[in-house]
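Each of the next two complexes has subunit A plus one more chain, namely subunit B in the first and subunit C in the second.
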Partner chain A sequence: MGRTWASMDEFEAFLDDGGTVEVDDEMPDDYRQAVFAFIEMHANSELMGGLTERDWIPRTPGLRHKMAVLAKTQDEIGHGHLLYMVAADMGLKTRREMLEDLFAGRSKFHNVFHYRAATWGDQVAISFLVDAAALASQQAVFKNCSYGPYRRILKRIIAEEGFHMRMGEERMMLIAEGTDFQQVMFQQSLNNWWWPALQLFGPDSKPDDVLLRWHIKSERNEVLRARWVQKFAPMLISYGFTIPDPGLVHDAEADTWTAGPIDWEPLKRTLAMGGPDSARRIGEAAANWADTRWVREAMDNAPDRAAGAPA
Partner chain B sequence: MTGPWNADIREFVLAFADDEHLMGQQHTEWIGVAPFLEEDLAFSSIGQDELGHAATLYAIVAGEGDPNREGGIDDRRLDALAFDPDPSRWRSAHLVEATTDDWAHALVRHWLYDTAEQLRWELVAESTLEPLAGAAARAEREEWFHRRHADGLLDVLLPAPGAGDRLRAALTDLLPLAVGLFDPVAGEVQAVASGVTIAPFDSRMPEWADRVRARFDGDLSSIDLSPSDRATPTGRTTRSNAFGPLLSRMREVLDLDPAAIW
Partner chain C sequence: MTSIPTVEAVRAAVATVDDPEYPGISIVDLGLLESVEVRPDGDVVVGLVPTFSGCPALAMIAEDVHAAVAAVGGVTGPRVDIRWLSGPVWTVERLTGTARRTMAEEFTVAVRIGAGPVPCPRCGGDTAEESMFGPSRCRAVHVCHSCTEVVEVMRA
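After this line comes the complex of A and B, so read on.
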């Protein structure tokens, strides 16, 4: 049995002092619920992200390129795998319960994976813009995360996501220097994915956000979002693309880039499973899960595998 | 010199590369839709390995026997071999061209192919074409895990009533295609004569058939598993009906703009 705290005040003082919570600690229920929900959503997002990209793996243009894309998607699903285990250890749901909640539309995943990768340009945009946004969020969690198991897993995830973003950047640069067709295709992908990627950071953090108070997140959503715009708007413009934000402001003197007003309705719709591709995404994942039930049942029932069968 | 090289050896190595390429390609279709996460990861790894074997073999061909010629083979030259040939020039076995729409077929094909692949690499392990022998040594280190993966699953699933029936039905569907793996390919006779391979692939077919019988414990009498006197060896010169849609899928992005580099 791990540590206990007499009160929430004492627990919060421990967190404020930089304390790290471990899985066998007697953490307050509200903290356990908040951390679990956060990790479950992260795990779901890694898996659904992998499923977004998988549609294009067989069509990847190039043999070695395909190996790299396959490895990237393997990373994403591997992140989901690790995160589901960390979440399951918290004792609130098993991995299988989490997956079945996901496929039944009962749990959440990031807004960007409620959209469809309709072209190869979208695939590159995801690898570049979305992975960069996810990486920025994860780095901000990793920096000071109070839940030890999650923080340790994030170290590996962040290292791999950095490679993904670099791969996306390299592919984007090839397109930027490529043919008119490629440039038109990627501009369309940028038009489609700029706002969802920006919305991934979420609305401005509320003053009473427990994720900040309990040192699960260490930076406010609006800070992360502004930093992302500051990095990617000038980079994409320098490559000849147009940022689909008529309200984007460049302060030349301070060299700052600030996004225009953000419409949060699309984000709200995705969180209610009403995104442009939510129904198909969930429906196909659920159908695949059902189609392979026979394998899981056979493994569950195998005589020498009473324990330890994968979920 | 890395060993013998001529048009016949080229044909012989290309046929192997085409099989590895399409087997890897088929595995990519199973990422994210396998029965549990560990299987998504396993099929990803196995797919990468098979595509990597294909890349190694195509590089030997592109370098005319020497994959390190002129500092190595760049992606463009590799992809020209992997994606550009006219369908009539492919030498893939129908087993790896086939679409599998359920996981039982994907697993059984994985086992059938990798069991044959082991025997195929063994034949070139001492090849006079040195890069091919090197590729065999590297491949076998990976293939051991592939076979262990497939066998581990079949150990559990074959005895299970419903699962075993599904897998045996998949075997019935796939076995007629799998025997085509052993069809003699152009250049094989010359490859044997020059020591690039020590024997025709179909000389190992009886051993493969014994392993299939032992693994599935089934009656395979309706399938002709004898070596090259089989009724309809194709020499791999005909493509199955599945090949056209498969190649279109593989080339979909490439065909968008022939001038583009992705």
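After this line comes the complex of A and C, so read on.
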């Protein structure tokens, strides 16, 4: 049977001691809600990311990268699947309700999936910059996450995302050493994706952020963001590209790179489903869900399922 | 002057390579290493079997094995040929006990061997299949009846 806590103070002391909460524990409602919302957004983002990846299977150049995109699509959809299961187990929404909310534009997913990937250069920028930002955020959660079922799933997700990162790095180096046309294309993609990738970390964490207080994530947004700039700005510059941030400062003595002022309006627009590609993306995801209904019905009605296994 | 590497040294080098999707699990424990041949001139041929022929990590694994083996055998290093073999076919029986333990303990991943229910790596209870495929073609998704854990199950 699950554990109970007499008060929020007692529960928070348990978390501060490094305690792990399991699904059958009588956790405080606010904690349950915060963890659930976090996992739901992660699940939605995996699904929306997987659908974008899928669109690029026929367009990806070369068999090797095509195979990788094919496998990455399965990875992302599979991650979404695992996360929806963990989220549904928390008892606040069923998987179907979460999907219906997503397709109706009522629930959130990461800002980067509110933009359109128009060229292969965009896909390379996503698999290099955006995946790195997402991985850094996930690692910060995994390191010390107080909700056990989520932390255990994250361990596997992170191992696979690390593999995607290596593919992204390889693609970026190929394009960086490619023709003039490829380099111009990638610079354009960098101009389009640098800021959304950086904004993925979110604004500076508030002092009273419950995600930090309840050890759901273990690092502040601004720390993760700064580390990402520190890694990618010099790397891209060394390949001959320009970072589209006129306020970027390099302290030569300390060898630190600091981003200029950040305009958070684009992030706010995406969270309100008003991003440049939000409507099309959500519409496509909803259409995909409707188009595949016959598959779910066939699965639900398969003889061994109809006998009582969960559908 | 170069000395000819021993088969054991090459095997040990291959064993330092982890699976890209399972950090901490050696590809030798995963059963990918089939053969090592050291020719009289010092050239090395490593034969590997893929878990699935469409696995997207094959090129990356081959690169990692190449780098590890090329570092064996002194200053100039042997010439190394990494081959993906079309047979024997990889099965879950090729996983060592170490690989199975690490998967269960570190990644909550079970391995399906033979018929019957797959036990939950967390509590030992029976699991039921939720989906034939998970994030990869070599893994299914199960749910534990006892502790409700979401479990991935590796299968041939």
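Basically, the second predicted complex is superposed on the first by the 293 of 311 C-alpha atoms of A that agree within 3 Å, B and C clash if a C-alpha of one lies under 4 Å from a C-alpha of the other, contacts with A are read in each partner's own complex, and residues count from 1 in each chain.
In the analysis below, contacts are C-beta pairs under 8 Å (C-beta built on N, C-alpha and C of every residue); 3 or more make two chains touch, one makes a residue touch a chain.
This structure is a prediction, so every number in the text was calculated from the model and none was measured.
Between subunit B and subunit C, the partner in contact with more residues of subunit A is B. Using the contact criterion defined above for the overlaid structures, shared-chain residue A:R166 touches subunit C, although it does not reach subunit B. Shared-chain residue A:A302: touches subunit B; no touch with subunit C.
Contact with subunit B, but none with subunit C, is seen for A:L174 once the two complexes are overlaid on the shared chain. In the superposed pair of complexes, A:V23 makes contact with subunit C only, with no contact to subunit B.
Of the two partner chains, neither subunit B nor subunit C is touched by A:G240.
When the two complexes are overlaid on their common chain A, residue A:R64 makes contact with subunit B and with subunit C alike.
Residue contacts after overlaying the shared chain place A:R156 against subunit C, while subunit B stays out of touching range.
Of the two partner chains, both subunit B and subunit C are touched by A:Q74. Once the two complexes are overlaid on chain A, the subunit A residues touched by subunit B in the first and by subunit C in the second are 64, 67, 70-71, 74, 77-78, 81, 310. Within the complex, the subunit C residues that touch subunit A are 20-23, 54-57, 59-60, 106-109, 122, 128-131, 133-137, 139, 141, 143, 147-150, 152. Contacts from subunit B toward subunit A in the complex involve residues 21, 25, 28-29, 31-38, 40-41, 44-45, 47-48, 51-52, 54-55, 58, 75, 78-79, 82-83, 102-103, 156-157, 159-160, 162-163, 166, 249-250, 252-254, 256-257, 259-262. Note for the complex: subunit A touches subunit B at residues 47, 50-51, 54, 57-67, 70-71, 73-74, 77-78, 80-81, 84, 95, 120, 171, 174-175, 178-179, 181-182, 185, 288, 291-299, 301-302, 305, 310-311. On the subunit A side of its complex with subunit C, the touching residues are 22-24, 64, 67-68, 70-72, 74-79, 81-82, 85-86, 89, 149, 152-153, 155-157, 159-160, 162-163, 166-167, 309-310.
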